[in-house]
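Got some structures for you, see below.
Note that chain A is present in both complexes that follow, paired respectively with chain B and with chain C.
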Partner chain A sequence: MMIRRVWNWVDDRAGLSAIHAFLQHKAVPVHSSTLWYYFGGITLFLFVIQVLTGVLLLLYYRPTPNEAFESVQFIVTRVEFGWLVRSIHSWSANLMVLAALIHMFSVFFLRSYRQPRELTWFSGMFLLFLTLMFGFSGYLLPWNTLAYFATKVGTDMAGAVPVIGGFVRRFLRGGEEVTGATLTRFFGFHVAVLPGLTTILLLIHLALVQKWGMSSPQRGGGKPVPTMPFFPNFVLREMMAWYGALAVLGSLAALFPWELGAKADPFISAPAGIRPEWYFLAVFYTLKLIPSKIAIFDGEVLGILFFGLCAAAWMLIPFWDRRSAEEERHRLLTGAGVFIIAYLVVFSALGYWR
Partner chain B sequence: MTSLSAPMWGGPPGPRRAPWPGHRSGLQPFVALLLTLPALLLAQSPKNSCVECHAALDGAQAKPTQLFDRDIHKKAGLSCQDCHGGDPSTDDMQASMNRARGFLGKIDRRSIPARCGRCHSDAAIIHRFKPQQRVDQLAQYQTSVHAKRLASGDLRAATCIDCHSVHDIREARDAESPVHPLRLPETCARCHADAAHMKGYTIPTDQFDKYRRSVHWEALAQRGDLSAPSCATCHGSHGAAPPGVASVSHVCGTCHVVFENLFAKSPHKKAFDDAGLGACVVCHSNHEVAKPTLALVGVESGAVCVNCHTPGDKGFAAAGRMRSRIEELAASLRSSDEMLQRAERSGMEVSEARLDLATGNESLIKAKVDLHSFDPAVVDASVTKGLTTAQAVHRAGERALSERDYRRRGLALSLVTIAVTMAGLWLAAREVERRRGLP
Partner chain C sequence: MTADPESGARRGLIRLLLGSGFGASVLSFLYPAVKFMTPPEVAESSVNQVSAGKVTDLKPNSARIFRFGSKPALLVRTAAGEFRAFSAACTHLNCTVQYSDQSRQIWCACHNGQFDMNGKVVGGPPPRPLEQFTVHLQGEDVVVTRS
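Our next item is the complex of A and B:
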């Protein structure tokens, strides 16, 4: 009775009935690939975790070369549950990239980018790019040896881009070398620029998902796809997925606390086996395999141009995949997707072990 | 010999040379021009008939001219006549090699040190070339065993040229110089490791072999540490002589200052002096100084203490006590290190404890240094300090492992809670779907 009275009071002022009625009518397709739908929600859940733990870390973190490492060390050794917050933030960042990649490939294989969801695909791709930038900028913040030299390698790769490379490298580093200026601007990107952009883009992405609903897989013969109510059925299952993600995240954070390493020393030589985060490993390893000179061209520049073209082609799939747009099966494209996943897995593994 | 006085323009003595390529061809004027140009250029530098004639001779007579291009003295503008006398400005051999006018020819071995010292002992001359160069080499040499033997008529005794080479003398810092720190032991060994050369002397010839097994050689040759001691560091270079018994601790103490100070205050100092024993080398050897280990100390087999001390005497008990105390500290530090490693393998952050452990290891080093006081109380002080640190590190490791277990229990509880919640959500979803008739 009390709950009903509170509901009515809020409903009179906020119009909750309309939202409730909307949720009652919203439906989600049910089919053999429904499982993949949950990864978009898991990515969102991990983003929220990132925001919450990031805010907690901000209470103690200091973005200067003299204090960054020590402040993170203070967080993990002295602050109550600081180790857990930092470990969750680091693990969650990696799981978020993984969930976003799975979400992207599930959208690709289910051809969910078909008209009228092209903008949803584009906004999702930009969100993935921002997620990778979150990882890249956040990696430097503890100011440890690995982070310092990986950032050097990463910004050098950005510097190899023709025409604008030099400017991009100087812009990212805040000078010619990775210094305190780099740390300050990476911190700015990580806690202000990227969260702002991501929030805006995320709202657009969710609004588009809301507008067009969840995509149904291609079905020959125009047979209708069964559905389930978004609320409470899908929401209950989504919450189960979130709890599952939380269990995985908590286990990783507690059993394998994220290492802090040694404080960065710009005057030592780069440690052997320096490599970027796992999600850049495939590209990094491929660029290492390319000869330094191909005919008269710089091998690294050609490699970066090639990857740039591949990324552009991938991004523009909704425009050139006409067969899927016409509800036809496109086995070649599916094969290409499988090949790309195999390439990413194998080259990431090679990049890690070699 | 008369042919030596022939003008150089007429070509070197001996059979007439075959004409150059291009002879009697149309190229002749150009070739002549090409050959004349360098000659014209050379004509600008002072004439040196010593080089001109000796370069045209064979074998040992020509060798000095071949070597001299690399000699530091040539770079300083000196030439043959500065050591050998004579007049290089004339091609007339009678005039240029006139002993009445100061020509010396080959320098007598006994005169070599004084000949070099003519410039090298004169600050006014030497400082024209190198203001920082020392000028006491001859004075030092005269104190050496080499000089004394030479003065007594032993022509096998080393003079300047035996170490520094002759006609291709280089600066000591030049890596190709025989007295460069990395090459000096081999230069000394050329004579001192040669049993035939050293025959008749009463010193052994195995010093170089022993030195090559020493920690000093390892530092010099393997690590390339140019400051590592070699022959000259202990024996002196120009004043080379074996350090007397009374000097040994001073020689070693040049680098190992703390050890020398501790030893000087120790009961061993007087005992060794009375027994005519040479301080450091009694336990550590001289040329074959091995990396010291704890096995040198104590009352077990292999320890040097038992060479003099016997069960029941005060030193025997002290040796045993010092060894056991240091071993106790080493074991405690090892145990603490293992504890930290376990914590690190579990992902625990123990960098502060690691720093403390480094301090504990410094106490261990200090205790080993304090051994040279041969006073168990001094060693005890360092050991006790180290043990306190090691125990604190051990406790930090235990706390880290305890914290790890606490985290794991917390994780287990969280996972159970999550699993129960997920089961509840699943049941709720099934119930909703059952009511609505969904699959």
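Our next item is the complex of A and C:
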């Protein structure tokens, strides 16, 4: 009775009934691939976890070369549940990248980017880029050896891009070398610039999903796709998926606490076995294999340009995949997607073990 | 109802003025912000010579990293007892190299670049040789000079 009265009071002032009525009319397509729809929501859920645990870490973290490592060490050894909060933040970052990649490939294989959802695809691709930048900038913050050299290599890769590379490298590093200026800069990117941009893009992405609804798979003969109500049916299922993600995250964070490693020292050699985070491993291993010179060009420059062109082509798929736009099947494109996944898996594994 | 051409031209002019004023405002905000974010040029300390330690600090077939100004450099004592010094920044992607006493080569752990005792690339992806410095012995001191 009390709840009803509160609801009515708020409803009279905020118009909640309209939102409720709207949600009851919203429908989600039901088909054999509906499962993949949940990964967008899981990515969002993990982003929220990142924000919450990130805010907690901010209470103790200090972004200077003399204090960063020690402050993270303090968090994981002295602060109650500090090890857990930091471990959840690190594991959640990795799971978020994984969920975003699964979400992207499911959108690709279901051709959900086709008209009129091109902008949803573009905003999603920018969000994935921002997620990777979150990972790259956050990786440096504990100021440990692995992070230091990963940042050196990563920023130098940006520097290999012709014409603008030198400027981008200086901009990212805050100078010529990876120093305390880089740490301060990456901290600013990680806790202010990237969250701001991500929030704006996320709102655009969600508004577009809202506007066009969830995409139905391609179907010959224009047969109607069965649906289920968004609220409560889909929302309850999505929440179960979030619980599942939370169980996986909690187990990983508790059973495999994220290691801190040794403090960064710019005057030691890169240690043997050094490698980047798993989502950069395929690129890392490919760059290892490219010879120093291809014709008259530096191999690394050609490699980086090649990856850049592939990423641009991938992003622009809605423009050049005309067959899917015409609701035709495109087996060659599906084959290309399978090939890309196989390449990423095999080269990441080789990068990890070799 | 007919459109008044004079009124249309006036509207166009007002749109142009408002639009260019808005554009100029945005640029005038962005320009200082971008300049602020671009790190200022800091003159490199012109270190051309440093002491890299004592002769007795290194056994034959070993090496150590030392500071050459603000950058890491590698001092190697070859198996024959000779001293060599190089910039420790790999020419591939800027990782810091190390000396392998097994292969008796300079090696980069990041992408498996390999260099010989003259800094020349002998394996892996590095596109250029390592910068080599000149080493002098002044009594017990190992002095490294940029060539």
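Everything that follows uses one rule, which is that the second predicted complex is superposed on the first by the 354 of 354 C-alpha atoms of A that agree within 3 Å, B and C clash if a C-alpha of one lies under 4 Å from a C-alpha of the other, contacts with A are read in each partner's own complex, and residues count from 1 in each chain.
Keep in mind that, in the parts below, a residue touches a chain if its C-beta (ideal position, glycine included) is under 8 Å from a C-beta of that chain, and two chains touch if they have at least 3 such contacts.
None of these values were measured; they are calculated from a predicted model.
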Applying the touch criterion given at the start, work out whether A:255 contacts chain B, chain C, both or neither, answering first, second, both or neither. first
Just chain B (first), just chain C (second), both, or neither: which does A:232 touch? first
First (chain B), second (chain C), both or neither: which does A:240 touch? first
Please work out whether A:77 is in contact with chain B alone, chain C alone, both, or neither, and reply first, second, both or neither. first
Kindly classify A:116 by the partners it touches after superposition: chain B alone (first), chain C alone (second), both, or neither? neither
Looking at the overlay, what does A:271 touch: chain B (first), chain C (second), both, or neither? second
Using the touch definition from the top, say if A:335 reaches chain B (first), chain C (second), both or neither. neither
Name the chain, either chain B or chain C, that contacts more residues of chain A. C
For chain C, which residues are in contact with chain A within the complex? 37-39, 42, 44, 65-67, 70-72, 74, 88, 92-98, 108-112, 121, 124-127
The answer for chain A against chain C in the complex is residues 149, 152-153, 156-157, 160, 167, 170-171, 173-177, 181, 266-274, 284, 287-293, 298-300
Residue ranges of chain B touching chain A (in the complex, touch as defined): 347-349, 351-352, 407-408, 410-411, 414-415, 418-419, 421-422, 425-426, 428-429, 432-433, 436, 438-439
So in the complex, which bits of chain A are touching chain B? 30, 73, 76-77, 83-84, 226, 228-229, 232-233, 236-237, 239-240, 243-244, 246-247, 250-251, 254-257, 259-260
